[in-house]
């Protein structure tokens, strides 16, 4: 039975202001909704999906599962070993794509990776085999993995292995190369390839020894702490990187590797503010994968871009990708690069926003709002706006400036369409010409048209 | 500034009269207290009108505002000091605030909580007794009230409590109010206590506290007391009700609870001289 | 010709974001061809070299690199000034820290806790908003009409599962916690609880109780279709249960148009199981009218029935002819038709008592006619006649010009959300006609329009004013019967 008559009257008004006004005039507490109609053409599908009897429980379960996951860094291994990648398979960021439609930075990274794997002597020689489909491309997401920017992972690259101890499920991500001219931004010059070789021959084994000697590193716990230290875990990972180094460094030193190698590894990790990104991402992936395939759930479980397409996956619609054209981020450029140099949005790193970090947690990282010439007030407004399209608030990731309110958790397809508010993503920008590298950083959103597609599929599943 | 408010039905007569001067009793962020001397229109003495925030304790003599204390701190609206006038009547409380005139208008009514009758359940009385924390005064005074063997002793014990403790509603008065409300709820006859309140409250304690004691003799109280009393008699689940009472004010909740428990402990007395 | 400036400035740390902004600002200064302002990391020194600048001889990562290529010395010194200014400036605290209003009921409810959601969005969106509110643990009142019945049933089933209440759709009236919601009145707390499948029916009873000095615990409008076979009294049961559980409610009045027979039987059986007595006010032939039902309720409460206020108008000797009713309230129209039909025979209407009595509401009919101007068909695309009287005023003049018209009866509903001063428009219109006009004035003492002032103005214009719609209808019928 309702307790409407037992509690103090509290009103929330959506629609005609006359009624809210009349109630307020009678000393009632009224919260007014800034209501606007949903995206035109989605009314019928919204009604069908909202009427789905499974939805409310399914979404509650999705939110519960995400938060139940604890991501531990348990090992560091070559991708070939843990992902079973053959010599002619390359993983990439975003939804599936072929060479013909691949953008410059993805092509550059694939070419560089071919040279790195020794398939060709010169990256330019890889164009032929890639064009002819002699190298298989597959999304990282289809292999429990994620990769930032181009996200190219090949067998000889080392990956972090994250595991949820309760279920034994795992997620993987490559090691972060640093900023500037790096493979993930599409650069493939000799120094890029050389750095990758050093990472596989020195950095990977030292990190492996460190993790094995130290024992598992609780990445979820570091995420919770870093959000309170000014990181949003996408474009700012400074605190997270230092906490990781603090935890692993003693074991790395004791690993028996030459002191000069350990020092170089420590210098490399400590000197790269983004090193932890490649742990934040698989931690988010591991948590969100727990919420996949719940019939009736309207929660987004992946947002990913391949430089051409922006794709989302939704819990209630299985492995289907809903894709549209990736947008060019709006932000600031390095050196004399400008908007004409930027490639459309790329990378699996939007997995951080999918769980409610990154752009969703801007209020926790005011230092980065000026990427868009914004203010701290903008950061607060960004995070508050994301509460409008999410299902819950994270129990562990708390935003100090919002009185430790939990970060916005679980993007709800129906709320995106009802409010017209798009998920806010903080991202790096790659040069659109293969081989360029990073040209800037900024803010971007998914294309609006992918959400009605997802809704249509949810409606079809609900009606069935 | 015009602020709509919901008025207790108990204030209907006070507010309905013509606009008349009144006196400030106190102000906090969540409540303003005004004493209205309407002896010209009523035989009763002065009465108290409270203007309270939405999240404040709902006194039975309150005009309740839609805003919380955080949203609209009431003390900021009032120039304190006897020099500044406040007026009550024609359905309004109005004064000249720091930022211009302020009018709190009664635009609708609410009915204050009232204790319902029933026999208290022993286990719930014990549950409340053990949960009582600091009541702000010596508990021995409550014991004396419970042990009073006749109406005169009871009146004496109440007299010892009236006005005892600091603040606008002294703890001793809270105990007495809880006792009167408990007696009404549990069907205990407590003529000594009623007489002591009638005779002494006006002079022995603050105007606000005396007013709340008068409400208590009629069974009218803050909702937390009515709900806790109902929980003690098994009319509703006890889960949150007792805890909610104890959470009222600093020590008020515990003092009111001590009064309720004391009322459950006493038998009915026959009024001395009344026979 | 170009000039170049490359400098590694020690001890001038600034974060990368600030520097990216400074670079952009300098690069856009007139006369500047290229610029880089960045910390002297290896990456940035490479970037500098890549832009064609000379590498500074000694630059460490803690030095600030300032590299500018300009067309001439003037442009260069201008650019350096911009750098100095930009590095000195700290952005003013801009923007607003205030929270923006919430965009959905569920996001608002996260802050407020359990609430009553008032949904008055267009009907095709109402289901989505209402379901969102139920998801957030809120009870819901839906003013919106044109909500498909299967959506109504779904909402009410979900509400039942979760222990919530759905008022409406097409629920115009409620009083909760003393607050009048929608088209409603502020009335005092009292012993009566109302459950209403009829908005204006509930308003009539609330106002009559108010005149008798009796208040309410709550009035819960359940929507006009709730007692249909399709909806089967889902919200009526929930509302009855809530009122029965409320210790302050001594008597429940259930007001509705005649319910579907099977539903009525079920509801009566259900009401038998309640501890609180239920008084029925079901408008229809052979049923007590709303006034009579209210009087029965007062009898049950032991409250004397007052003489319902009325203000007699111009002594009338109306010409022979027909009765014309112009109503804003559907239930009031229904009630008037039932009363008039008993005395006068068939009454044409857009909401006829019998299907064969249907007439086109937009053309003056023949014989006795009563039109409900609040019917969905007549409110599409325009405000409700309780808010905007223009359609009724036009019709009043037209009916009066019709020589076949003898008496006009109409309702004036006061209260929250209604027209702020209906008599100001209506009185001159009544004054201008020479047929008898009978008004049922539905208002409570505390209504913002001032019941007595409205009545006085209408009476001064010559109208016969009743607070009981049944009495108004009866008087109008008597005038017709008494006409020569």
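Letters A, B and C name the chains as they come in the text, with residue numbers starting at 1 for each one.
The rule is simple: contacts are C-beta pairs under 8 Å (C-beta built on N, C-alpha and C of every residue); 3 or more make two chains touch, one makes a residue touch a chain.
Here the structure is a predicted model, which means the values were calculated and not measured.
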Query raised in the report: Among the chains, which has its CA centre at the largest distance from subunit C's?
Result: A
Query raised in the report: Most central chain by CA mean?
Result: C
Report summary line: Taking each chain's centre as the mean of its CA atoms, subunit A sits from subunit C at a distance in Å of 42
**Report entry** Whole-Å gap between the CA centroids of subunit B and subunit C
**Finding:** 38
Query - Between subunit A and subunit B, centroid-to-centroid distance (C-alpha), Å - result: 57
Requested in this report: Send over the residues of subunit B in touch with two or more other chains.
Outcome: 6, 107-108
Query - For subunit C, residues contacting two or more additional chains - result: 177-179, 186
Query raised in the report: Mind pulling the subunit A residues that touch 2 or more other chains?
Result: 8, 25-29
Query raised in the report: Inside the complex, what are the residues of subunit A that reach subunit C?
Result: 1-16, 18-20, 22-23, 25-29, 31-38, 43, 46-47, 50-51, 53, 56, 178-181, 332-336, 367-368, 370-371, 373-378, 380-381, 384-385, 387-388, 393, 414-415, 418-419, 421, 440-441
Report summary line: subunit B partner, complex, touching residues on subunit A are 8, 24-30
Requested in this report: Flag every residue of subunit C that touches subunit A in the complex, lowest number first.
Outcome: 15, 17-18, 20-21, 23-24, 27, 34-36, 43, 46-48, 50-51, 91, 93-97, 99-122, 124-125, 127-129, 131-133, 135, 138-139, 143-144, 151, 154, 158, 163-165, 176-182, 186, 217-218, 238, 241-243, 245-246, 387, 416-417
**Report entry** subunit B residues touching subunit C - in the complex, by the definition given at the top
**Finding:** 6, 9, 107-111, 116
Query raised in the report: Once bound in the complex, which stretches of subunit B touch subunit A?
Result: 4-6, 54, 64-66, 107-108
